[in-house]
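Labels for the chains are A, B, C and D, by order of writing; each one numbers its residues from 1.
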């Protein structure tokens, strides 16, 4: 039932990108060598994990682009000041591929009253990168899939033997609609102890037809569940609502008027 | 067993409201057209979802009224300042209706000691709107139901085949008691993969007798569970209690006195 | 199997306390009357609930004492200032008794390094009050039980048919040890849809032998579970740890030294 | 099946450390005596717990070292100021051993854009200490195990009858690789009501071969689950990401460009 571990790359693989993340990392190739000499920790609980993380991990995805997904440069506070943007992801490294989960914030607009309103939910960007050598992943060839809140809920509710498929067309409603087709499949591993995440991308614009598999252990899936439960209320903006609750500004109570808006049970 | 998807509107439908949310949205009708030409994403996991959200989503409920449920205008900070009120909801759009979940904060009163006390739990306002065209919902005809913490707990504990009914009379204890009767039913879909949310409102004051159904997929229900687990401690005011914990103000310890108030296990 | 709903009060009941919480509440007796004329909302899901909450709820427990459990007056900020103490509880009102859950913060001490350390976990104070009339509870006769983190965990892990008992002696280790014995029992209701919370107190110092039962619906128990999961990390002080994480103060990395303290997996 | 409760200490036990945590604690030996005269609370729910916590608990692990795991002295704010570091742990005390869970923060680096990026996930340090007398534990002989996020997820997903083993080599990839071997085993107790945590350490550098067992009740495990679910998003840095969401700084929206980075479902 579960698909074989294969990596189809019909288009010739692009030249391997230098994996340096920050300037001084490039100066420490021996660090990278030291890393690749470490065997993975093992566990009898589940699929043998091959992941670990280290400082300036050469396997990690590069930092996000200076221009964000909304086509705007982000505000640039002084380096490392309180309130600066923080990027965090959850990365899983396996033999044939790596998968990183990156949460992205919701969008707000100001209302005339001075209040703010969520107009667009955030999401979690899944980034799949193929392995090109032992513990090396080519993030320049990554394929991405932005998981909506509803899709995250679907993964949360997935029983251990359930499967799931999501279809995305990044150009839906635009002139290139139908030219890129992405399918994310999540299905149980044969031993029932984990899951495969499989992203297939057919891109007729770039003549690309790729499929990347990565096995996820039960423990890693539990981390996904824990982080999704945490992040959902945040990328829906509910946490900014709760942050705006000011007990000391609570209004004096007056009897609610009768109106459909003011339904009261009690 | 599950009720048929019907929309009873004995009273003549009111004229369709213009769906503009903000002034400059009304200037972009072509954006709305672009939207309605997009087919919904699909999934093999559950009931086919027909929801998506976009900037200034023409399907979304209008912003909350300037006067809040307590009959008071909210404090009006300068536009977009830190600490401004934030409105967030979770909206689900389907073929015949839309359903929005809006959290509302608890109420506090100051005590003589200078501390604050929660005097009224918050709630989650459910807003049901009927569809009037493809991807268009008439929020002027919405019906609302304010879900208490206890009712949210009941939905959290609902097994996949359980059903649930809540009865509200917004005028309970007042002169118009009994003239408006609301029933919220939550029951499993025939395939067991989702749930129907059904709000019936009998309003003898307005001569209205409506019933709105909306199917909720398993993934959407998982989002509801995740957001309810998040929001319950906040609308009960427990988060304002925890925010008031100041480690640096922790009192020097002295042996507790013996009194019923000071029960200690150890 | 489940115990009968009985209320044993061998000592003569004390005179009923006036239920006013704040001065101006005493001026509104008609409000109280209006309240007691409201029938409870009903639900087909579970034990019929008889709870609701209102502004200055005459049924609610009085505000906490000016002197806290550590025998110290709390710091008194100006009324309603940001950062003021906030009291929040979760109260369940039934025909024969009411039960309020009040979270209490952990205690901290400063270390020589300037950091702070949790020295005592917080707890949740359970307050049981007998009903003395329809929708009136005598909080002056309340019996309390302080639920530790470990006991909260036990309630979280309780299966639907499991029972549980906790024994407390508030004077354990002191001269009056053994003179007061408290037993909290949690057991399933006969229909399996809820739970009984039963607090028995034998106090030989005051010649009191009381037992208070209150039925808790499945939905109310789900609220307890949700609030316990929320509050446990806070009353253990883990949230003050996480609040003290300052990304901008993150130290430059240096290779950890080898020592038992510095165990590293990778 | 479950291993016998044994404590193997082939190397001669080091001299017992004075258990004073803070200067004035050493002056109160009678307090310690008072403590050890208290019988443990009991419960019919599970393995009889022998844990309790008290102010300046003589059983508790000592405060963390002035130099942290990264070999750097932590920043030292004035004593007890807001924003000071806070140390919190979850400690379980049993007849033969104590086990403390200490969360440790992630590491961040500034990016050129001024933003910050998580470069190393935090972890939870497990500290096992053998009992040396009634309610006395020798933390100078503690053995530690740093539990990664992935391992925490594995414990979260452990069914009631599942077992689990993790292997760590603190010197993996360094010259002393293979000289220290740690194995953490988690397995069900014979009655199925709890779990054994067992840490075995073979340290050929110090000629140590130790194994420490501690039984964990179902309620204590539920606290572990609750705190792990809470702490995972924090030690992954996701909470610093969400804290950096500023609704008032939300960017004006512009149509996303088409690029692999900008995948959109809708």
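In this text, a contact is a pair of C-beta atoms (placed from the backbone, for glycine too) under 8 Å apart; a residue touches a chain by one contact, two chains touch by 3 or more.
Computed from a prediction, not measured in an experiment: that's the story for all the values here.
Engineer: Can you name the chains that touch chain C as well as chain D?
Structural biologist: A, B
Engineer: Please state whether the interface between chain A and chain C is built from the same residues or different ones, using more than half shared residue numbers as the mark of same.
Structural biologist: same
Engineer: Find the chain most remote from chain A, comparing centres computed as mean CA coordinates.
Structural biologist: Looking at centroid distances, C is the chain farthest away.
Engineer: Let me have the rounded angstrom distance from the C-alpha centre of chain A over to the C-alpha centre of chain D, please.
Structural biologist: 27
Engineer: List the centre-to-centre spacing of chain A and chain C in whole Å, with centres computed as mean CA coordinates.
Structural biologist: That pair's centroid distance is 39 Å.
Engineer: Going through chain D residue by residue, note those that touch at least 2 other chains and give them in order.
Structural biologist: 38, 41, 52-55, 80-81, 84, 86, 106-110, 116, 119-120, 148, 166, 168, 172-173, 229, 237, 239-240, 246-248, 253, 265-266
Engineer: Which bits of chain B are touching chain A when the two form their complex?
Structural biologist: Touching chain A from chain B are residues 22, 34-35, 37-39, 41-46, 49, 51-57, 60, 63, 65-66, 68-72, 74-81, 83-90, 103, 105-110, 116, 119-120, 125, 142-146, 148, 166, 168-172, 176, 182, 217-223, 225-227, 229-231, 234, 237, 239-240.
Engineer: Using the touch definition from the top, list the residues of chain D that touch chain B in their complex.
Structural biologist: Within the complex, chain D contacts chain B at residues 38, 41, 52-55, 80-82, 84, 86, 246-248, 253, 265-266.
Engineer: Hey, which residues of chain C end up touching chain D in the complex?
Structural biologist: Touching chain D from chain C are residues 106-111, 113-121, 148-158, 162-168, 172-173, 228-229, 232-233, 236-258, 260-266.
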